[in-house]
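Chains here go by letter, A, B, C and D, matching the order in which they are written, and residues are numbered from 1 within each.
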Amino acid sequence: MTGKIRVGIVGGTGYTGVELLRLLAAHPQVELAAITSRGEAGMEVATMFPSLRGKVGLKFVTPDEAQLERCNLVFFATPNGVAMKQVPALIEAGVRVVDLAADFRLHDEAQWEKWYGMAHAARDYLAEAVYGLPEVRREKIRNARIVANPGCYPTAVQLGLRPLLEAGLVDTDNLIADAKSGVSGAGRKAEVHTLFSEASDNFKAYGVPGHRHLPEIRQELSEAAGRAVGLTFVPHLTPMIRGIHATLYARLTGDADLQALYEKRYAGERFVDVLPAGSHPDTRSVRASNVCRIALHRPQGGNTVVVLSVIDNLVKGAAGQAVQNMNIMFGLDECAGLDQIPVLP
Amino acid sequence: MTGKIRVGIVGGTGYTGVELLRLLAAHPQVELAAITSRGEAGMEVATMFPSLRGKVGLKFVTPDEAQLERCNLVFFATPNGVAMKQVPALIEAGVRVVDLAADFRLHDEAQWEKWYGMAHAARDYLAEAVYGLPEVRREKIRNARIVANPGCYPTAVQLGLRPLLEAGLVDTDNLIADAKSGVSGAGRKAEVHTLFSEASDNFKAYGVPGHRHLPEIRQELSEAAGRAVGLTFVPHLTPMIRGIHATLYARLTGDADLQALYEKRYAGERFVDVLPAGSHPDTRSVRASNVCRIALHRPQGGNTVVVLSVIDNLVKGAAGQAVQNMNIMFGLDECAGLDQIPVLP
Amino acid sequence: MTGKIRVGIVGGTGYTGVELLRLLAAHPQVELAAITSRGEAGMEVATMFPSLRGKVGLKFVTPDEAQLERCNLVFFATPNGVAMKQVPALIEAGVRVVDLAADFRLHDEAQWEKWYGMAHAARDYLAEAVYGLPEVRREKIRNARIVANPGCYPTAVQLGLRPLLEAGLVDTDNLIADAKSGVSGAGRKAEVHTLFSEASDNFKAYGVPGHRHLPEIRQELSEAAGRAVGLTFVPHLTPMIRGIHATLYARLTGDADLQALYEKRYAGERFVDVLPAGSHPDTRSVRASNVCRIALHRPQGGNTVVVLSVIDNLVKGAAGQAVQNMNIMFGLDECAGLDQIPVLP
Amino acid sequence: MTGKIRVGIVGGTGYTGVELLRLLAAHPQVELAAITSRGEAGMEVATMFPSLRGKVGLKFVTPDEAQLERCNLVFFATPNGVAMKQVPALIEAGVRVVDLAADFRLHDEAQWEKWYGMAHAARDYLAEAVYGLPEVRREKIRNARIVANPGCYPTAVQLGLRPLLEAGLVDTDNLIADAKSGVSGAGRKAEVHTLFSEASDNFKAYGVPGHRHLPEIRQELSEAAGRAVGLTFVPHLTPMIRGIHATLYARLTGDADLQALYEKRYAGERFVDVLPAGSHPDTRSVRASNVCRIALHRPQGGNTVVVLSVIDNLVKGAAGQAVQNMNIMFGLDECAGLDQIPVLP
């Protein structure tokens, strides 16, 4: 690729949208061509997000004005169900796509329709879409026309559990993922349950009977294990803005040096950091950065392994991973534009 | 008991101490006789805690000035290792004791010394001390001279898991307690890791290799199960002041109507509230009150049961449960002074 | 009054509504007769607010079902503009009213219509409505048919500034009220700007050109001063759930012992606590209680007096003050049901 | 300057230290040579601050090991009173210094000794030290040997008020600065009052009788006004990690287009952003960046001007401004290493 990548963003008024803007505005090889919002067309992006004053000069435009077919890459930062309607035309026009929503994450369209409650509008494209977890599927991403950017919980859970499953070391029938998310994971929608006065100084589980990220995690972990896994996934809302902490439990069926296993599995991965044995990663250690930090424990030397995995849900769990995928798709340094040092405190 | 109970508090400058004061100052049958603090002797309690202005007129006094032997009951809200040195003399003087620290929680003195790193100074009293979880051991509490008030995590975990264990319905070798606590659980000590700028907007696990509440929970759950249980206990720090949320996982070995089981087990219990099936309790629904709320899930109808259990760590997890124990010990209405409605929002 | 006061609440799904329920459910002389919500009619109150389980057995009902005319007192915890339409009929039916919204706070209907952007529907009742700040107008409240419960900011600002104005000690042309509110002051409405992810870890001023509480404060301070005051009022949103901290600035024109002045002014007031000289009240020292705490400073001995005034916006700034007004109206102990000790930490 | 600037940091374990590391590790023209800590010598910096893993490879060293005299520039991120003891020797060795503490901020040594409670150890260097607010004193900074980096409150207050004072438009006898700071401003010291459980969900003023930043602000504003100003400065602690919001009040003595005045004063300043008329800046709009955003109001068209000024206390209020000063001192692009886009949400 010579010259900059012309990038469009569909749906730029949510948290993944503004995070994409934060990252792309500083990306040395990207030209931000257009950002669409039906509701806010005509408004300066920096009026809605003053943090971008002087950094992003664009206005929101309508999808028609955006001329997305002239982009090299379009990111969809839209609610589920939007990308699947627009992607086919873009693909056929030669535009590559990274969808930050769920439209292309499940291979099985029946499963998708069950969990997302609508008919899929681009079934013919499900098979070719690549599930974009770079640490697993880097080669396929390179040439993909459609990358399905993983969900935030699925990223933290998969990076934490995959080495155990790939090595065949654990009972795959009884995996447990107890995950805690900051409130930004719920998006920038006006809803009562995510108001400050509801979510602050409070902690709760939600979606225990079944959360939409469950089939996605199950699909990918089953692929890693080579058989259908049994997984209990319990998400929780914790009173912080950003961050996911996944606490993962599995029962060992064999023995191994787990620390060495993980360090080897992620050697060379620039966005996965296996901490020294005995560590407890905190979410702020990755705040505003694209890193996943992982620590391993085997309490009291028993046969239960506990994996702690933290990411920033808006970066490695969304916009950062999307940029990482873009970098791979266009042959750039995988870290281009993603070298932010976490903000601590 | 005619007349009011003369109550002393040893160690009133921490969070369990000020919470005891909040509850006891409004208790209709209590006379607050003395509150000790070596470091703050001579200071008005309400100068340290302005929330108590007009409600508590006492000054902190030295242990000598306190004349605790003239009390009917003394609460120890002290660091571990303090009560065990002072309790024997009080007991022999006819004073009853509720220890909010850990000194009398473990029956096995070797275990205690291993986990708490010091020799036990009152071994002869370990056998008679009653582990004061009222919903389990109400009758013994009634006549106890020493009540070991349960820890905060242990309260939430036990109330959540006991019905399953008592009914023999789950695999007791592989219990998991993933627990999240507000920061007040760490106490009112000047330490870096609980500073606002460290603990706010952040989430982390800690003590995964082994937390002091583990042997206490294991002891009590084993008693409930009738055999030694295998338990993985992972505590986490979550950025809120008060509250514990325990997410408990167990594998069913038999079948049962779990909702009915729990409702029956806790029928008549005024401080345990079994929520309707499908509920997700939030910690704020018990904020500043002595209630434990529990909900049951069996995700996707599988054989893993997920129990959600919430308490206020300073009330049902500490000072409130201590007052509940006092009420039982002195033949009062178990709810006396404990009818606070949770503060929401 | 013999027997209990039959109380109705119109609009019980917001924060002032649930706070009224928390206070009234524990009030020894109140019978909660009905609580209305058009949107939630038929739902158990305790389903919406699990903190009230076992404490409030009512369901929300429609206004028609509520038979409010059979109540002794009706609280309106509704948006501005609702009470004015329903109050006249209730008054004529002999029901007394406390309006927690703004409909009856301004004497001047033109001012009201300007600031609230609608025609006033009960002009004939504006003159008789009593502005219900008990520390100022206790006698009039006693016999009032309509009590206009003061706003949250106005309560904190007036209690802080009135003694200076009543004593004629300050330049009344240049008063400054820099006020900071917790987010619950914005109500339980689904709006983007009060989402956790927007309001947490953030601080901002708002409404600087003109906030609706300005004319209310100006009206009352002018009454205290005996002349129209000049007031600059700047409200801010601070990332906490409850609490208002008003920092008030005035220039002294004469000399006086300010500490003695305030102590004398509020002697006998059970809900106003003048702190010792040199104090800095924090909002948590009044959390969940009906107290206003005030401290006075004269930095560097200059002629600027700084008054610090804190309340819980939902209690002394709304529901607690409404109950206090009810107590006065019905000849009860002014503290009945209002003896909660602040929740700290 | 050819080649990279060799930089040393004295005192790298506090919040300004870790923030310097975050900024300098990404600065293209800086070589981090040494970072000292007596207490932590020998520990990897990234062990204490895992956010720096893979970004900072240094260990803390003792002052002796550091060989600071071989640096081009040394930053002091130490408590007050440390730099003044070490700076003279460094200066004489040809090393330039930026002190992030207060040792060189006041010209008047008697004032300094009064407010800081100790004798000054480097009186002979007070006169030459340059108060490093680049927007005011850029030329002098360029050649300074010692730059006194302004305090966090003083930066926000001065940038907000200076244009009014320089233009002679306001009554300088009655300036009011009502400032609110995030808790990181108190530093990374183990103290009770800044614990999460004390500072969260709470708001308070502090230091009203006199805060150490008062003489610094007064000195600089007096310089701007050409006469001694009268200033009331009230700092507050607000429950967020980073950010200062200064709400500034002044009485106009003349008339002017304030918006135009500020836009002109700060034209060309890359770190001061004058917002459109009517704006309300929030602190998160500058989070983790070196920008100060300012908005102007004249409520109800009166003669009181209200200036709202926000910064990140750790960046423009400390480490970022220090790097900005370094850039000026060494003839670099003033923005080098300071182009971080604010992190929102």
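Heads up, the rule we're going with is that a contact is a pair of C-beta atoms (placed from the backbone, for glycine too) under 8 Å apart; a residue touches a chain by one contact, two chains touch by 3 or more.
From a predicted model like this one, the values you see are computed outputs, not experimental measurements.
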item: Classification of the chain C:chain D interface as same or different, half of numbers criterion; value: same
item: Longest centre-to-centre distance from chain B, chain (CA-based); value: D
item: Chain A-chain C separation of Cα centroids, rounded to whole Å; value: 45
item: Centre distance in Å when chain A and chain B are each reduced to the mean of their C-alpha atoms; value: 39
item: Distance between chain centroids, defined by C-alpha means - chain A, chain D (Å); value: 36
item: Of all residues in chain A, the ones touching two or more other chains; value: 15, 182, 184, 188, 197-198, 200-201, 239-242, 281-282, 284, 287, 345
item: Chain A-facing residues of chain D, complex; value: 15, 18, 22, 25-26, 49-55, 184, 188, 200-201, 241-242, 273, 275, 279, 281-282, 284-289, 293, 314, 339-345
item: Residues of chain C touching chain D in the complex; value: 174, 176, 178, 180, 182, 197-198, 200-206, 208-210, 230, 232-234, 236, 238-243, 245, 247, 249, 251, 278, 280-284, 287, 297, 299-300, 302, 304, 306, 308, 310, 345
item: Chain D - residues contacting chain B, complex; value: 15, 182-184, 186, 188-192, 194-201, 239-241
